[in-house]
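Consider the two complexes below, in which chain A is the common component and chain B and chain C are the respective partners.
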Partner chain A sequence: MNPEPFLQLDRVIHEKGRLAIMSMLAASPELSFIEMRDALNMTDGNLTTHIRTLQESGYISISKSYQNNRPHTTCSLTPSGKKAFTGYINLLEQIIQQNKPKQ
Partner chain B sequence: MESNWATEHLQVIRTLMERSAVYRRALAPVMIYNGALGTAAAIIGLAAKIDSPRSFIAYWGCVAAVAIAGSFFLVRRQALKESEPFWSPPTRRVTRAMLPPLVAGTIIGAVGFIYVGSAPPDLANVLGMLLLPVVWIILYGCAFHAAGFFMPRGMRLFGWAFVLGGCAVFALGIPDRITRGQYAHGLMGCFFGLLHLAYGVYLYFTEKRRNET
Partner chain C sequence: MNPEPFLQLDRVIHEKGRLAIMSMLAASPELSFIEMRDALNMTDGNLTTHIRTLQESGYISISKSYQNNRPHTTCSLTPSGKKAFTGYINLLEQIIQQNKPKQ
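And now, the complex of A and B:
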């Protein structure tokens, strides 16, 4: 097996929790912190940590506002986040293709 | 094996992407509210003997307006409770998907309301109290089927129940023993009342169970 694609996998996205966040954001223009927390069954602290890592990598952008005097945080993928996520999926597909039994 | 691992990863990504795009807000309360309203409206319509085509169309038009307003109120209340925007992307998608059949139903209802006023009584009865409820039922089913692509899968089946049920009613025609008022209100009560109630109760218990696990 050619190990190349596996080694190219983005370590930031590859982590289970961050991959879940990226997957959800890839399917929706934006999602609130609460929507993600509930859908992924994560604690506030865990989700915050992952979001911060993704934000520092430039993969997601965060917008904070107030709704009914309560803080409201929404996240969305940045163009480089979309590119990185697409690249990650392509690499997974490449790994699958490489390991298909040849006929 | 690496490929199994990669396949599983892709499957997880796909599931999460689907879940993210699915609208889930207040489905059970909205269904139960609409079911209760539809059933009550049918009973009131029968008891009050709203038997003329024009009054029938106007009456159920008002019921629809109350149903839509109440549904939006329930959705908004849940959004406020959870500090989320009311007009979220999933809400927008579902509304856009439902809009064409619902607008068509509204326009057909409005045209029917105007037309039955000047049409011969027999034709007015057939159009206003026999055909129009069937058209509304089928279009409503189409609306739910379209929205079902952005909602849990059961919504599409719910839409199919309306479409096939409406077609079956149209094919079977009116039974001999009942009046046109009983038929029309009964039809509306069964589809817009009891069917919603049944699905709402089912959703209530299944959503509760899912949240508990």
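And now, the complex of A and C:
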């Protein structure tokens, strides 16, 4: 077995919650905090922590504004985040092809 | 997006090191500790910890014997480990299909 694809899996994206967030953002130009929290059934604290980690890695950008006098936070993938996510998904595909159990 | 596949990903298998171990074992009837350690470039301590976690989850069985007067440890997937790994790979496939970024 070639262990390379495993070693290369991006730890920031590999965590289940962040994988879910990156996947949602890969499918939309931008999403609000509320949309993500409700779709993923996460707590505010959990989503905030994941978003901060993704932002610190340069994978998402965060925009804060007001809507109806209430704070409105939206997230979107940066070009670097798109590239990292595509690389991650390609690696997963390699792993699946390489390791599909024989039935 | 359907968050279900993410939520169902088995945390025991999802960790990168354990994913590599499970993949190796899915491809062989059994492997020795040394074979796995060298193929995956892990420390003894790291591999021991992962193997214990997999054993406690009922996913691998461990057999200890002696070869040339030296302890010889081998691991193999249990039926429950095979089932869990197949389920995990099927979920990954769903996630990839569902979330492949548009080029």
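To be clear about the criterion, the second predicted complex is superposed on the first by the 99 of 103 C-alpha atoms of A that agree within 3 Å, B and C clash if a C-alpha of one lies under 4 Å from a C-alpha of the other, contacts with A are read in each partner's own complex, and residues count from 1 in each chain.
Everything that follows uses one rule, which is that a contact is a pair of C-beta atoms (placed from the backbone, for glycine too) under 8 Å apart; a residue touches a chain by one contact, two chains touch by 3 or more.
Bear in mind that the values here come from a model prediction, so they are computed numbers and not experimental data.
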Clash or fit, chain B versus chain C on superposed chain A: clash
Which superposed partner A:11 touches (first chain B, second chain C, both, neither): second
Chain B versus chain C as contact partner of A:35, first or second or both or neither: first
Touched partner set for A:95, first chain B, second chain C, both or neither: both
First (chain B), second (chain C), both or neither touched by A:24: both
Chain B versus chain C as contact partner of A:43, first or second or both or neither: neither
Contacts of A:72 with chain B and chain C, given as first, second, both or neither: first
Chain C collision site on chain B, chosen from 4-12, 22-30, 94-102 or 112-120, when both complexes are overlaid on chain A: 4-12
Residues of chain A contacting chain B in one complex and chain C in the other: 1, 6, 19-20, 23-24, 26-27, 39-40, 89, 92-93, 95-96, 98-100
List of chain C residues in touch with chain A within their complex: 1, 3, 6-7, 9, 11, 14, 16-17, 19-20, 23-24, 26-27, 39-41, 82, 85-86, 89, 92-93, 95-96, 98-101
Sites on chain B touched by chain A in the complex: 1-3, 6-7, 9-10, 12-13, 16-21, 80, 82-85, 88-90
Residues of chain A that touch chain B when the two form their complex: 1, 6, 19-20, 23-32, 34-35, 39-40, 67-68, 70-72, 89, 92-93, 95-96, 98-100
